[in-house]
Structures are given as structure tokens and as C-alpha cells.
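The same chain A turns up in both complexes below, where it pairs with chain B and then with chain C.
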Partner chain A sequence: MMEQPPSLAQGYRLNEPAVITDQIDGEWVIMNLANGAYYGLDAVASCLWQSLLSGETPLVAGRVIAAHFEVPEERVAADIATFLAQLLDEGLLIAGSALPELVARGENRVPAAPYATPCITRYADMTRLLALDPPLPA
Partner chain B sequence: MSGAGRTMPPLDPRTVSPAVLFQSLAGRRPGLALASLSGGACTLTLWDEASRTRISTVAHPRRARESDPAMLSRLLPVCVARLLVIDAVGHEDVDLAAVTAAFDAAPLLGATTDGGRRFCFRGEIWTSLGGCDGQMPTLAEASRDLFAKIAALGFAVPGVPARDVEQLLGREDAVYTAITNRYDTLKPQPRDFAGQARQLAFLDRSTADFHGQRSRGWEVVAGEVPDTDPRRASRYWKANAHLALPQSGISLWVDASISIAAPMSLARLAGLFLAEHDICVFSHHARRSIAAEAQACKALQLDDPDVIYAQLARYATEGYPDEDLAELPVILRRHTPAIEALNESWWSEITRGSHRDQISFNYVAWKTGVQYERFPLSLAVRNGLFVKMQRVRANRETSIWQ
Partner chain C sequence: MKDARPDSLPSHEVSVIVPTLNGARFIAETIASIVAQTAAPGEIIVVDDGSIDETASVARSAAPCVKVIRTQGLGPAGARNAGIGIAIGRFLAFLDHDDLWVPEKLAVQTALLDSDPEIDICLGMIRSFQDGPHAAERKWLGEPVPGYLTITMLARRTAFERIGLLDQLRPFSDSAEWLLRAEDAGLRVKMLDQELTYHRVHDRNHSRLNGARSRAEFLDLARRRMSHAPQAGARTPQPCT
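Moving on, here comes the complex of A and B:
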């Protein structure tokens, strides 16, 4: 993990071209081409991811989420700091403003369900993508 | 992982193939990637005129005497740009504008070379084929090998013109799949592949409930196959294309584990591979006979050996020569009376004999006199058309953080 907590007041952008991401049928998919890792996001994390890619600072994104879910800003800020540290640790985001031409498309769906700590799931078994002739169900 | 607030279980992002992800990102990809080989190292430069971004990085051989093809296949199994130029003479004199213009002007141009020291590939084709073969000793030989693979997909390469064919599709033509008992999850497919055709997923209720509103681009048809055991239910739709899609003239069956990587539309795929015959499948990547398939099914305990070998004995009695084997996760069909007869005969074999559909397909093709086309290469390698993905059962969750 990073020694210093990341700043919530500055902007971040996708670590292109090593990292690619897109929203496919409502799901955010992230792939790090440098190491083959895939990432999935839960509902709140997806909302945050979209906000960060569109140039919002984590601070602003957190305030929007706190207001939407009616949870304390402090709790959301703490969760976002942890989440952001994970994104930076994985090399998915880097500090800097989003380039207008590279701002992610996609619809930012703010989840209707109760607030949950944003969660990113990492899948490192890229090589298993090309399974040869796996047996069909018996 | 915290489940609070989630109404649906997550789908596994690994079921999105890099080719599909790249295609969905097409508008944001850099215009050109230049891999410049010099002194054993590879300088990779990406740039995009629209965003005026330019990124360069230098990669060195991992081991002594790593060949250029080996290094390229390690560094660039996917091309992150729309065009890839591989240059072994120093890139200062590459007229990038001219290269880009040539490919822009000819959508079916797959690759070019200027005398064997500089090679240019359309990025999506490079990605769908997984790049060049790292086992080839030289860049020239690796490129020639790749040219042949690209030509097999109907694109123009040096010395081979493009095959400009397209099958006119109707609105009821379809790409389709089926999943029962949550055995797999729907894969997102390239957005423009189906074109005017439909993209249908026949799911039983349990699988449809899992996917909920997240159909990943598929039009879901939910329901059970009547009077069919679970092992055969998905194969009902697979075999009986004429019953699943009674209004279709052309259909493409893909197992749920298949991701379409073809750098072309269904109309072009059908134009290319249904030109001579009304059905096209892959040759099996490893086996060449039903007898060999039976042996594999027995070894893997995929079905009752007694049922399989009784079936083979019956085929032998009828004089079936058993000298070919199709691999059937992908079936491209024109819906003709002859193909309908093959479908029905095949389903009859699946219901009366082994549920393993590869046990009976070649026999049925022989019996009904239907000849089939073969897709290039096999499903065990990057064939440029389809990728067999890891099968991911629904409801499996892992997280390293929570």
C-alpha cells in the first residue's frame, strides 16, 4: 500500500495506454495490459470510477455520493481514500487531469440501493482465458 | 465482499475478451503504433493526432538472442492502436500519414510491406490473431505467416487481393447461444458484429434470473426446453437452428464460452464462409475421428462409454468411414431444407445416443450427404475469428480486498 494517503483534492486519470476500460452493458470493465489483470467494480465503485474518469476530484465525487445515499461525508471520504489507494497501487489511475478526448463514455448510473463500501475485485488469471477444449457438463 | 445494496450478483469481467474491449474502445484508441526494432531492442511509440498524445517506451530482449518475432509476440499480443507499423530500418523515414491514408482508403486492406523490412498491420486484425508467431525465426518469416492468416480472413495482403463478399442478411437472421442451469454466463460480443441481425440467448429460467436486466447485448428468450434432460437442453437449441430461429435464413451458433473476435460483420463472415457450402464449422484442434473423440469422452468420463461405443458400432455397421471430426462450439448455417434435415438427424442422434454432440455430427453429415466448410486454423489457437474463453459459472465471487 502507499505510505501517504492519496490526495482527494486533486484530479486523476486513466493510466493509458497500459490500462483500458469501458462500460459494457452497464458494467465497468478494466484491464491492465501491462500485466493482464482484469478488474470488476461493484455499484458504488462503478459510480466513483466514472466520476474520476470524467475529471471530478475524489473530494467532489465523495460529496455527491454522500448526499445521494445520505451517509456522512467523513465515512465516504475514508472509503474513497482506501479505494483510491487501491487504484493507484494497481496502476490503474495516475495523478493528473483527464484528457478531454479520452474521457470515458458511458452512463453514470448512481445505484439506487443503500450505500456500500466501494469494492474492486482483481482477477489475475488472464492466462486461463484461452482454455482449450474444456469438457461440457456431464 | 460487502453485498449490501447489491440486488444482482456480479458478472465476471474476465468474460469480456480483450478483442471486444478493444473494439468497444475503438474511438479512443491511438491512431498508430510504431514498433521500431534496432540493436535488439524495440522502441514502441504510440501517437494520436486527435489528442496530440505521443508516448514512447523502449523494451529490451528478455534473454540473449530473443528473436524479433519472439519479442513482438511478447510485447504486442494485442495492438493498442488502430494501425501497427513494425519497422526494422529506423523509423525516421516512415511516412505515417501515407500509411494511415492507405488503410483509411481501403477497409479490406489487412497488411502491407515495403520490401520486407517494414510491415504494417491493421490493429484489430493483429489483435484478433494474437500478433505474430514468436516461434518464427525472423521478422520476414513471421510476417509471411501472418499474411497467410490474414488472407484466410479475406483481407488483402501483399500478393493476395481482398475477397469483397458479403451475404445480405435479413432481420430474422441471428447470432444465438443457449445456457442452462447457470452453467456459464453471457459474454458481451462486438457491438457491430450482428448488424441488422438479431443476437439471441436462449436461457432457462434459472440462468435468466441470474442475468436479470444485464443481458450484455443479448436479446434473452427465457424458458425451458420441454421433455429434455438438462444435459441435452442447450444442445436442443444448438442442433435445431431451424426450430430456434424458424424465420432465419442464416444463423451463427456460438457456445456460451465463445467470444467473437472476428474483425468483420456477420454478413461478411457468412459471405466468406458460406460461399461453397451451407454450413461451416471448425475442424477439431486435436482429434481426427469419432473413435478418438469417444476415447476422450471415456477418459474424461463425459458420458456412459457403453452408450458411446454402441453408437460407434452402429455407425461402423452402416459403413461410416470415420476419418474426420468437427469441433462444434461455433456453427454458421444457411437454413436450407438439406441443413434442416441434418439438424433433425443430429438431434435424433443426440437424444437416442450420447449427449456429446461431437460424437454424432460427422456421422450425420455423412449420412445426409451434407458437406461442410471449415473455418481457418482451429479453436486451440488464435484463429482471428473466435476465442474460446474460460467458462465462468454464475455466482462465484472473489476479492482480494474485502
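Moving on, here comes the complex of A and C:
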């Protein structure tokens, strides 16, 4: 576990090349090729994920979310800190600026549903299967 | 394949399927590693999926018992399926045109499946290597890893009859998708802690030449897994709290 809460004021980027992600049929999927784990995101988490990939800081992304759902910024910031810590613990993001080719990836749809704490779900049923394929990007 | 051994040996009920596309460079050595098995298979089927090189003639020359069938552009999974369609063995094994088996591979796996009728699919460890300038200068790449791949597999034909063929539309993730489907259906899969297959890394590897497509296919497989209700024991979702 991380000893210090992650900074919400700095940018983060995908932990490439080990981590790949894409939006398939409107749903974000994240996969860590290093260990075969893959992840799904709920509506608010998907919105945040897209924002972080496109270079927004968690702080800015949180303000947008808070304004959209009309919930206190402090609550959203606390939720994002937890969510971000999970992403960093799982090795999906690392500190740094977004890579240019990721900025325009996916369609960012702010969910219409009421605000809910962003949630990431980890799946481990493919961890054994990724010994050789797919290959890491060169 | 005829030899002096009695036909009742379980290895004689193994059909080995070798999908290939322009594999003339390596396929003779691959077939040699099948022929060199200490427990000989009943048949070797090479599925030539549209080669424009001498793959078919090299394969036939490698061993007189080799059957070569021709398909056109089915992809690796489709070629394997075509091989399954004509195979007569009670057990099915697969080897890609550039990979190799250790001589004991079929003996170990047929002995296991023959002795334990509860096991449907047997897999083994795999190790990658790279050719040097001379055959004796091969370089090992990393340690052996569990090979959840068709090329390490010996499966009962009944496994395919129960859960269906490989997904032809998944040229890169067909092994993973089929094995997940098998486990979801309750088939028993045994991974042997024994190095049975050698995977050759070279400049024309299918998945490396198409790395982005391969990764996209695995992402798509993951999404499909997510969109179905979790199967008991098949996955371990850990939602945040």
C-alpha cells in the first residue's frame, strides 16, 4: 500500500507498455500484460479514466464531476484519491504527462446516472493465460 | 504412422495437427520433433493455409506419413479446426510450424490421459528460444512458463465435441478463449510442471508481426468475460469497497 496519498494536482499516464486499455462497445477495459489481470470500470470511474488518460489532473477531473453531479468537491476529491491510489497500486497508471496518442482515445461520456463512488473491478481468471501472448509492444 | 509398436498404445490414438502458412523455413524440424516422439502418434496432419512457398513439399518430404491438406486463409485457429475435422485420433495435439516438442511430450501426456479418465486436457510448460547463426547456438529466452496454448496441449476429442471448436475469428487468442470455455464448462485441465514444448521466437512470428491486433483481441476477450455473469470458480472479481 502507498504510504502517502497520491497527489491530485499532477498528471498521470498509462503505465505503458505493460498496460493496455481501450473502449470497446462503449465500455473501458484495462489489461496488465505483465500479470494478466484485467479491469472494468463503472460509469463514474470510466469518466475519470478517460479524463486522466487525456491529460487532466485528478483535481480538475474531480471538479468537473462535482459540478456535473452537483455533489461537494470535497467528497469527489476524497473518492478520487481512493480511486487513484487503487490505479497506482495496481500499476495501471504512473505519474507523468499523458502520451499524445492517448489523448483522443475513446469517447468521454459523462454518466447520466446519479453520482456514485468510482469503482474498479479486477478480474484474475486470465492471469495464467498470458505467458507468451499477447506480446508487449516493442 | 506405422511402426513396430502395438496399435493399442494410447499414443497411436493421437492425431497431431500442424497449421502452417509459408512455413517452409522451419516445418521440417517441427515435423522431425513429432516423428522423434518416444511414443509415436497415429497421424500427422499439416494444414497448409495458403502457402506460396514450398511448405507442402517440405512437409511431405520430412516424413512419408505426413498428410497435407490445403485451406485458404482460414487463419491459425481455422486451420486447426480443419485439421480436427479430418483427424481420426481419440486424442488431439497441435504444434505450430516453427515450434518444437521434447521427445517425451506425447508419452507423458498420453500416459496421464490414459490413466486418469477424469482429465480432459493436459498442458505443459513451454520455453522460448531464438536461433543463433548455427543450430547449436540456440539461445534460451527466460525460464519455462506454463503454456496455456494449443501447442502444449493434448486434449481428448470429446473435449472439442462438448465445447466446440476453436474460435476461428480469434487468430491470436483462440487458445485462451477455448481453455476458458473449457473450464467454464467444467472440463478438467491439468498443467504438468514439465517442460514439453519449445517456442521459437523469430522475425516472422505471427503474433509479433501483428502485436497490436493480438493485444486488441485479448482486450476484447477480457471485455466479453466481464460482460457475462461470473462463473463459479472461474474468476475472482475484487470490486473496490
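Heads up, the rule we're going with is that the second predicted complex is superposed on the first by the 124 of 138 C-alpha atoms of A that agree within 3 Å, B and C clash if a C-alpha of one lies under 4 Å from a C-alpha of the other, contacts with A are read in each partner's own complex, and residues count from 1 in each chain.
We take it that a residue touches a chain if its C-beta (ideal position, glycine included) is under 8 Å from a C-beta of that chain, and two chains touch if they have at least 3 such contacts.
Since this is a predicted model, take the numbers as computed values, not measurements.
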{"item": "Which of chain B and chain C A:S7 touches, first, second, both or neither", "value": "neither"}
{"item": "Partner with the higher number of touched chain A residues, chain C or chain B", "value": "B"}
{"item": "Contacts of A:R122 with chain B and chain C, given as first, second, both or neither", "value": "both"}
{"item": "Touching partner for A:P114 - first (chain B), second (chain C), both, neither", "value": "first"}
{"item": "Which superposed partner A:S54 touches (first chain B, second chain C, both, neither)", "value": "neither"}
{"item": "Chain B versus chain C as contact partner of A:V44, first or second or both or neither", "value": "first"}
{"item": "Partner chain in contact with A:V29 - chain B first, chain C second, else both or neither", "value": "both"}
{"item": "Those residues of chain A which chain B touches in one complex and chain C touches in the other", "value": "20-22, 24-25, 27, 29, 31, 33, 38, 40, 86, 117, 119-123, 125-126, 128-138"}
{"item": "Chain A-facing residues of chain C, complex", "value": "126, 128, 145-149, 172-173, 175-176, 179-180, 191, 199, 207-208, 211-212, 214-223, 225-227, 234-240"}
{"item": "Footprint of chain C on chain A - complex, ascending", "value": "20-22, 24-25, 27, 29, 31, 33, 38, 40, 82-83, 86, 117, 119-126, 128-138"}
{"item": "Interface residues, chain A side, partner chain B - complex", "value": "17, 20-22, 24-27, 29-31, 33, 38-40, 42-44, 86, 99, 101-102, 105, 111, 113-117, 119-123, 125-126, 128-138"}
{"item": "Touching residues (chain side chain B, partner chain A) in the complex", "value": "1-7, 10-14, 16-18, 20-22, 24-25, 27-28, 30, 46, 48, 50-51, 53, 55, 78, 80, 181, 183, 188, 213-217, 230-231, 257, 285-286, 300-303, 327, 356, 379-380, 387-391, 397-402"}
